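First chain A sits with chain B, and in the next complex the same chain sits with chain C.
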Partner chain A sequence: MATLQAQDFLERSPLYRRHAGASLGRLGESSIVAHYGEYDESAQLQRCALIDLTNLARVGFRGAQAAEYLGGRGFALPEAPNRALTQGDGGHVARLSQTEYLLLGSLRDAGSRIAGEETAWQLGEGGNYLLPRQDSHAWLLLTGEHIAAVMAKLCGVDLSAGTFPVGAVAQTSAARINVIVVNLPEGELPCFHILCDRASLDYFWGALLDAMDEFGGKPAGIDALL
Partner chain B sequence: MTAFSRLPAPMGLLIDRSRALSFTFDGSNYQGYAGDSIASALIANGRWLLSRSFKYHRPRGPLTMAGQDANTLVQLPSEPNVLADLQPLADGLTVTGQNFSGSLDGDRDAFLGKFSKFMPVGFYYRSFYKPKGIWKVWEPIIRKKAGLGVLDLKFQPEYHDKAFLFADVAVVGAGPAGLTAALNAANAGAKVLLIEQQSYLGGALAWARFDIAGKRAGELRAELVGAVESHPNIQILKDATCNAWFTDNFLPVIQGNRLYKVRAKQCIVAAGAFDQPVVFRNNDLPGVMLTSAAQRLMKLYAVKPGKRAVVLTGHDDGYLAALDLLDAGVEVAAVIDMRTAPADARLAETVKKADIPLHLASTVYEALHAKGMRHVTGVDVRRIVGKGQVAGSGTTIDCDLVCMSAGYMPVYQLLCQAGGKLAYDDAQAAFTLSGLPRNLAVAGSVNGRHALDNVLLDGGLAGGAAADQLGLSAPAAGKAFAAEPRVNFDWPIFPHPDGKDFVDFDEDLQVRDIVNATRHGYRDVQLVKRFSTVGMGPSQGRHSALPTARLVAQATNRSVSETGVTTARPPFVAEKLAHVAGRGFDPYRQTAMHQRHVELGAKMMPAGVWQRPAYYGKPEEREACMQAEARHVREKVGIIDVSTLGGLDVRGPDAAELLNRLYTFAFAKQPVGRSRYALMTNEHGVVIDDGVCARFADNHFYVTATTSGVDRIYQQMLKWNAQWRLDVDITNVTAALAAVNVAGPRARSVLRKLCQDVDLSAEAFPYLGVRQGTVAGIPARLLRVGFVGELGYEIHVPARYGEYLWDALMQAGAKDEIRPFGVETQRLLRLEKGHVIISQDTDGMTHPAEIDMDWAIARSKPFFVGKRSVEILEAQPLKRKLVGFVLPAASSKPLEGHLVLNGPDISGNVTSCEYSQTLGQIIGLAYCAASQSAPGSQIPIRVEGGQVVQATVVKLPFFDPETKRQEL
Partner chain C sequence: MKIMPCPLNGPRNISEFTYGGEFKPMPDPATCSDAEWADYVFNSENRAGVVVEWWMHNASSYWFLAERHTVTDEIIRTFDAKEIFTRRVDFIAKAPAREATV
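And then the complex of A and B:
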């Protein structure tokens, strides 16, 4: 089987050149880093790792009828703003305001459910508007025991476990750009899902790796996560 | 001087005797141990002279051994003004002295001390400027003498960064009070951050003696430190300086190359107290040091500080220090107590039993020295006969070490920054603090508690109180405070007729300097500071504030409370700019096609935080590249990345109404499938942005905005709709959509190869039409635009497809010779069309009439933001106008900002100007007086070098006045 190249796909992460040399896997209509193959990425995840999930589907909905719409499509919704829930299929829903929701796709179905939601939506008369989060925001997964310490080098909000519990969402600034941080572990693995301006991803990826360096942080692929 | 051997363990808490280190100081080789400071290692080698004083170049040795004075400033290869008593020793380190002429040992400038009478306080304010012009003579001499140390101009910046730290309770200082406070708060469940400036915990427990047997400090320290270090709720920062206190316990803490920004709900300052010197003649000689410094040398570094010592004290701790010296094998020639008796009579008995002569109610009047003043050789001891007065004769005692301590000054700096008020307690001859905010507490000697049991109790109470404030339950701290003896001698100042009785070691200020300042009329201690520079040196008044306050009080017949001390501003210790700057965060944004531009050799330029291609080619070929790209667009087809253009989706039943209110044009009846120019004014009628509103459905507009303005426009939309509460959703999709403009006569031919589901014919998709379809299989929004004055299609696609779209268009356009063009080329092309760029061709005063935008105002609308102001402005006579102008190709080309003249007055300025190959002349836009704005008028423009060129005003646009090319 030929080796996958990011440029074989229409959809590309802004970071694909930074992933040069990594083994890629297919993710729907795009590619994703499976592994770098240079170190034990499972152990790296536990210590401090960063995964580029930018090509994994995500979408937002906002409006007075957004909750009703999403409920009708089988999503479990957080009861309060700035909270997030993991769905039965491994995806996540974060509530960003009284009427705004962010749907994060699952690696288990390569994001197909959420991609389908984006395709299926039509602008109608009702108060429910799709927000193109896959294109407006990049998606990074910061893992390991040092995630709060890493973020403390970039962000003025206390994201330590005691004050930023599982399921919490922070809409804040890190390294001088706006970010959404969602605390949703993968099993026992501490994880921050970080969504930032897609156009700033090259900058923010560098800033995060720099902050991770003192903890031995490195980028990783999704194989170690699955 | 002979090298001293190290004292046996347990002396030497900080050193590792198994790791010997070699280093040089002023060219000589020395040995030390890991854990030594530069100063401790030098003293262990018998080297006392470390620096020269600032003004008189007097020889100086360590005073505090705690980084609290300027006597140990030395030069490292890449860093001047390093405190040798703080800087850890490293193997191979090269250290030199600074601020000397010739050599440190034989400083030729030492003669200056002999002329101190001619350099009284403030002399430089009254010298050097008369007769007129003499300053030019003095200036180079003074500049040569000024400053300390040498900068390494080849120094490569090191990595510094910042990090936030969050705590329930921050405890500043890890002495006995801080340790107890931290433990008590942590035991109650609080998350505690313990900040310690030194490299060890325990504070004075590590080096001071608290009982005659000399056992309690060590045992207590082991117990407390063990408990703190093993406590899961306590995070410890050692070698960390809390450098300021800011509102709500925001604490900048410097540790190594990092600045921590600490946020604490509660803060306890247990910073201790500074040991205070006694003021007598030659109190600055090497070998004269604070008692605590000698104890630090012994306990922390196992360095025997002398062979024969004199201890001068104003409190009982001096007796205990004498016992320490005795234990270390130092002969104690005398304990000199300025009081009439110690508070604890057992101490007098103990020193007498040890055959140490005790001189009560006495002081050192003068420290003696041999030629060169390189070390103290003895002291002249006199009986005290009055306040600052001594007997006419006394006793001379030979010694090579003088330990002095007049008392303690609380480390009040952080607390005063928090609003704390200092008051002088005459009974205790000490300052007390009050008026602290609720979330800030003090404990230990900074709080006036000096007896160890009281210190521990005070720390425990503070920790418990902090826990209570957090809603946690802390165990009771214990019994009541015991009465304490006074620790400060009330007047430890003994002026000498020959001076050199230093109040401020940093600035070489003697008693008479302070008194003379008051005689010049500077009665306020703040003015005394500024006139005399007392307290302005590196030690920031740690040792001079108290004697200065006393001297000023006495000289002005006021109390010390009335006099007060000078303001303690941040930072607490000198901090590097690198700490303040930290790791630079300079966000940048890149479009989805960014790498393609780089690969094509684009010269990138910033556009706000975006990176955009200016043109494709080498910087030195800018003009040629731009002209070639422009010609290509005019004759064939070009492609430009316009992803940075602001994009806002406005959706909902009231979308048209919102735009109708925000923009000057009318949008209520705008047909679906069409775009319309959109001009925005603010409440003052000033033009603030423009773009187009593309209507894709009755309830969906896609609004473009300028690259730099979109975030502001988005905020404006949200702000206004928060008032209007229209049923509309506003989404900023700038980053979500990648976009290109394919422009030129062959644009349709290129697009047809990739877009089959939209009829691209001029009839079906005319100028200003908008469509949704697919391009290269990608869902796309298509806009017929004419910004550069050619047939053009803006293609907006989801950002994930941006690079693929670029590749597809470049490939599909190959036969039509498609060529990328950059922002600067685009600016030239639009200039040829006379299109303004908001914020380049407009400023903070521009209203629509000035830029001929009257046509973009729907006057029949009842309201738009700025309508009333625009009407008022239009009713006034026009004062200036933006006009197009031309100049012959051979003329000097005006630059943006060059002035337009109207007789002797300035009437405007150039906003845009380029050479147009298409037109064969220089073209530009400029503001000028309304009277100069008629086509055919001549406007004088002052260009580089002051030359004035006469430009001709012309009607806009410069190119294709019938606009047929863009409507193809």
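And then the complex of A and C:
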């Protein structure tokens, strides 16, 4: 099989040049880093790792009837703002305000369910508006036992387990840019999903890796997650 | 750093917020005079004392209201705009003026 190249796809992560040398896998109509080295990255994920999920589908909905609409589409919704829930298919829903929801796609279906939600939406009479997030936000996954300590170097909000439990969402500033931090583990693996301005991703990726360095943190691919 | 309590997100550094100006009741644009509308759009009271102001939390793009003392810079209270705006405000567009025919 020919080796995949990010340049072969129309949709690329802003980081694709930084992924040079990594082994890529196909993710719908784009690519994603499968792994960096030839070794198993599972231990790295448990310690401290950063995964670029920017090419995985995400979308938002907002409006007085957004909850009713999403409930009808089979999503389990968090009961309060700034809370998040993992769905049965491995995707996630974060509630960002009284009437705004952010849907994060699942690797299991390469984000196709959430991508489908974006194309299926139509403007109707009710208050439910689409918020396209694929080209506005980037999506990183920070994993391992040191995630709170890493974020403490970059962010003024206390994201330690006692005050920022599983299912919590923080919309704040980290490394001086706006971020949405979602605490949802992948199975037993502690994870922060971090969404930031897509155009700032190259900077933010470097800032996070710099903060992770003292914990032995490294970038990783999705193979070890699956 | 100065801390502002956001009604949606909780206490946050003041650097996460953007000031949005004094809160002023809006006159009905369909019935008010041009002078009343200009006063609403351009003029500020700039009071020394407790004022109500618009603020936005940048990371969540959430607009809310804050009571602040402009002399001591003490933030007395922050609250959701729904406390004042209890129902949707709709604007009825004026019928477009007929274009002059040349």
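Convention: the second predicted complex is superposed on the first by the 223 of 226 C-alpha atoms of A that agree within 3 Å, B and C clash if a C-alpha of one lies under 4 Å from a C-alpha of the other, contacts with A are read in each partner's own complex, and residues count from 1 in each chain.
Convention: a contact is a pair of C-beta atoms (placed from the backbone, for glycine too) under 8 Å apart; a residue touches a chain by one contact, two chains touch by 3 or more.
Since this is a predicted model, take the numbers as computed values, not measurements.
Touch criterion met: A:131 reaches chain B, while chain C stays clear of it. Of the two partner chains, chain B is the only one that A:123 touches; chain C does not reach it.
Of the two partner chains, chain B is the only one touched by A:199; chain C is not. Of the two partner chains placed by superposition, only chain C is touched by A:171; chain B is not.
When the two structures are aligned on the shared chain, A:188 is found in touch with neither chain B nor chain C.
For chain A, the partner with contacts to more residues, out of chain B and chain C, is B. In the superposition on chain A, A:156 contacts both chain B and chain C. By the touch criterion defined above, A:79 reaches neither chain B nor chain C. Looking at the shared chain after the overlay, A:180 reaches chain C, while chain B stays out of its contact range. Overlaid on A, the two complexes show chain B and chain C touching the same residues of chain A, namely 156. The residues of chain A lying in touch with chain C in their complex are 81-82, 96-97, 156-157, 170-173, 178-180. Contact residues on chain B toward chain A in their complex (touch as defined above): 161-166, 191, 261, 263, 583, 585-592, 594-595, 609-610, 643, 651-653, 697, 699-700, 727, 729, 731-737, 777-778, 798-801, 803-804. Listed in rising order, the residues of chain C touching chain A in the complex are 1, 8-9, 12-13, 15-16, 57-60, 62. Residues 10-12, 14, 17, 30, 55, 62-63, 123, 125, 127, 129, 131-132, 134-137, 149, 152-156, 158, 160, 162-163, 175-177, 197-200, 202-204, 207, 210 of chain A are the ones touching chain B in the complex.
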